[in-house]
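Presented below are the structures under discussion, each in the form of structure tokens.
In the two complexes that follow, chain A is the common piece, with chain B as its partner first and chain C second.
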Partner chain A sequence: MSATKRVQQWLTFTRQWWLFDAKWQDPYKSATVITKYLKGGHKPIFGGGHMDCGDHVVVINSQDIALRGGDEWYYRVYFHHTGYPGGATWTKAWELHKIDPTMILWKACYKELDKNWSRRGRMLRLHIFKDEKIPVDIIPNITDQIPQLRAVPKRLKDYSQEEIEKFPKLFDFPKEHVLD
Partner chain B sequence: MIHPLRRAVLAAVPFSQHGSRMLTSFSAVGSLEASRDGGLMQRMARTEPVLHLIPSRNIHYWEREYKEVLAARKKKEMAANPERYTRPNPRYAFAEWNYKAELYAFGKRLGEEFDDGLLREALTDQSYIHTEREKQEKLGIDTSALEIKNNQELSELGAQVTKDALLQFFQKEIPQFPAEGHNALSKHLTSQQTLTEIATNLGFKDIILCAEYPPSEETYARSFLAIVGALQKSSGDERVEKFVIDFVASLLCGKDINEIWDVARPWHMMVDIAKQKGLYPVEPRLIREAGRNTIHAVYVVGVYDKDKQLLGKGIGETLDIAQEMAARDVLKEFFKTKDPMPPFEFQSANFPYKLVPHVRNIHK
Partner chain C sequence: MAGITSPLRFGLKHFVSKTAMSNLKLKPLSALTQRSLSTTCACYVKQIDVTEVGDQIVIEAKIVPSAREKYIAKLPTDPTGCKGCPLCRLGLTVRHTDVLIINQFINSKGKQLPREITGLCMEQHKRMDYLIVMAEKAGLIDRDVVRKIEFKGLTYYEPEEWEEPNYRKYYDETVINEFLYGPRKRH
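Right after this comes the complex of A and B.
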């Protein structure tokens, strides 16, 4: 193999590092996107689940994930059995999230991946952090970011007083009107 | 499932004769009347039992051990006497081999007009003359009158002619490639290995007169070059150039010529050429990277000229390698040998048909 072909091969099968911000994102819908990158399904060389061309994904802000509306935090239950009689436990999502804020996203990705021996290796390339604090040796590895499924809307308190005053109004409240 | 032949036999034999003896031998069938089936049964009965014609898809368990022993014995014997089992079987050793006719046909197969004496001389190795002389001396024949010329002179002429033709071809096809590269390509194409490949594919194996069989790489190469020399003497320069382009230069098809000529210090060479072209100072810059803190790190370095225009890119697992590969990439750009290269034009200008009409030669 010539030098040119060798480095071309090296570049083709290199593992990239992707950043994903999980803030206000559905963990189960995010998992379908994240696992695509873990498997390498976004690459033109991808030829099936048996191919070892997956990338690394660094997920931040996992403590701010958003389960679906209503009371999913209360009705989604994680089952575990110790193997001994009476060893079954059912943990609700809000309890699990309290114990470890990275666990729900981890389990969602684990469930989404193909059920075979490549799953553990792929999960090792998933790095989940509960907030924006990432170890310093990971930051230089990152090459690009995966776009969020839903853009995080800006809250009223994030706007400055000047921006709020500039916003066009249809009418002014009377002076006697009590707002809050 | 009963085999159709056996079913026919069973139908023909009276029921009283069915039995174990029936299944292993057809001796009982011989006693049938010949008139009923035109003697077919009698003819079958003389041969092996029909049941044995049905092949078995398995090795029977009672035969297996025996067959294993036989196979092991054969393997052991083959390892002990390799020369007995890998004995060469030269075509020329066959009784009906007519060397004169073969030689004539060989010349015609190449599509060239050879002088018969020169063709024979080109295919005669020095070792053959030695062995012939020894044979005749053993028989008591005076060998002083034996006049056979070997192909040494012709091969020297052929080597020179081949090199000239190749360099002329490269000058026409890849003029931007440096002379050093032209020489390297020519050296590659006239190496023993390449010439052996050509000669074996042209059927030199049995037609070379030499002591050893099969001929060595050296003999193949010398004989091929001697054929070129013989053609030059027989048909002239124009034919021999076409012959070399057809049979030698065409081996570059599908090969990367940048791979054949290995530049020792690409960055230095690139800087020298950039100075000549007025692109200096050139600057390497990191344009992409991934996994810096891992063993899978990859860097992409670009080389920019004085006007900040990208000249070429290189990939590597370290910055040094990426920079060197970028220099190689720029050199390919300078030499107009970047992959994918347009194919070489092997046909001459006055060839009546355009074989590849859609190809545009960017070097002109």
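Right after this comes the complex of A and C.
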């Protein structure tokens, strides 16, 4: 084996580390992308769900996830049963997010993966953090990032007064118009 | 600004004592902007200044040059049959995150401007109405509008969204088509 091919061989069988910024992202739609990397589906050597070629994914800003408008924060409900009679609980999404801001994304990825024993091992390679703060020993491992599904919107407050004024206008006020 | 009598003729200075103002029936400012029956448009002016000097209130109308005169986009000729509507002519698909475009269609209070001023067609006008609400509920723009619902002679006010912390929300604009044209056909 030549020297260049040898390095390529190493790279195919290493576990790479990816970064994903969950700011303003839908957790249930981004879970389909994240689990693809956890399984190794993005690799050319991927041959099925039984293969152990998954990568690590580091998710940041999980407290800034966005659910669909209307009232999805209300009607999305998580069920849990303790096993004892009367031990059923239904927690709404905003209640769960208040307790632990990494929980909704973790559950979305857990639900998305194949239901077999390889799921637990793959979930261990998912590292979710609520802030931008990542532990020091994880940062040097990260090599690349997964693109976001939605562009992060900007509030009107965040624009300066000049930018708002100089943005091209679609119409002008009529000649005699009351400003209010 | 609230509480000015409507029958005043603008373009001139008016001096009204405070006691006389209180005797008159006060109307909201929106009554001013309604078009009255007249051949001239005497009620339409640019800016209304209200100053209080002693026990006198001075209401003055000033004609101000518009700030957006320099930055108006050059519109192409209309490819569709829709004449004059700026959004149709440009072929823009506006999203609720395009705050700088939506901001042009609302006044300082956050209320949507009428079609006479904006020049939108009816379809785009309704679509913009939904987009403004979406942008507000997603927390991208601020509005001071109290939404009123009138039903069978009674007025109801929309309740607040919820008391819990406002988490992030996003909207899907394809829903607007269902609002306008009814539900999608599913086979």
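We adopt the following convention: the second predicted complex is superposed on the first by the 155 of 180 C-alpha atoms of A that agree within 3 Å, B and C clash if a C-alpha of one lies under 4 Å from a C-alpha of the other, contacts with A are read in each partner's own complex, and residues count from 1 in each chain.
We take it that a contact is a pair of C-beta atoms (placed from the backbone, for glycine too) under 8 Å apart; a residue touches a chain by one contact, two chains touch by 3 or more.
The structure presented is a predicted model; accordingly, all values stated were derived computationally and were not measured.
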Touching partner for A:Gln16 - first (chain B), second (chain C), both, neither: first
Which of chain B and chain C A:Leu170 touches, first, second, both or neither: second
Partner chain in contact with A:Ser2 - chain B first, chain C second, else both or neither: first
Partner chain(s) touched by A:Lys130 [first = chain B, second = chain C, both, neither]: neither
Chain touching more of chain A, residue-wise (chain B, chain C): C
Partner chain in contact with A:Lys36 - chain B first, chain C second, else both or neither: neither
Common ground on chain A, meaning residues reached by chain C in one complex and by chain B in the other: none
Parts of chain C lying in touch with chain A, wherever the complex brings them together: 1, 29, 32-33, 41, 44-48, 64, 66-69, 71-73, 75, 86-87, 90, 97, 99-101, 103-104, 107-109, 116-119, 134, 137-142, 162, 164-165, 167-172
Interface residues, chain A side, partner chain C - complex: 24, 26, 64-69, 71-74, 94, 97-98, 150-151, 153-157, 159, 163-174, 176-180
Of all residues in chain B, those that touch chain A in their complex: 256, 258-259, 288-294, 296, 298, 300, 314-317, 321-322, 325, 328, 339
Residues of chain A defined as touching chain B within the complex: 2-4, 7-8, 10-11, 14-17, 56, 137-138, 140-141, 143
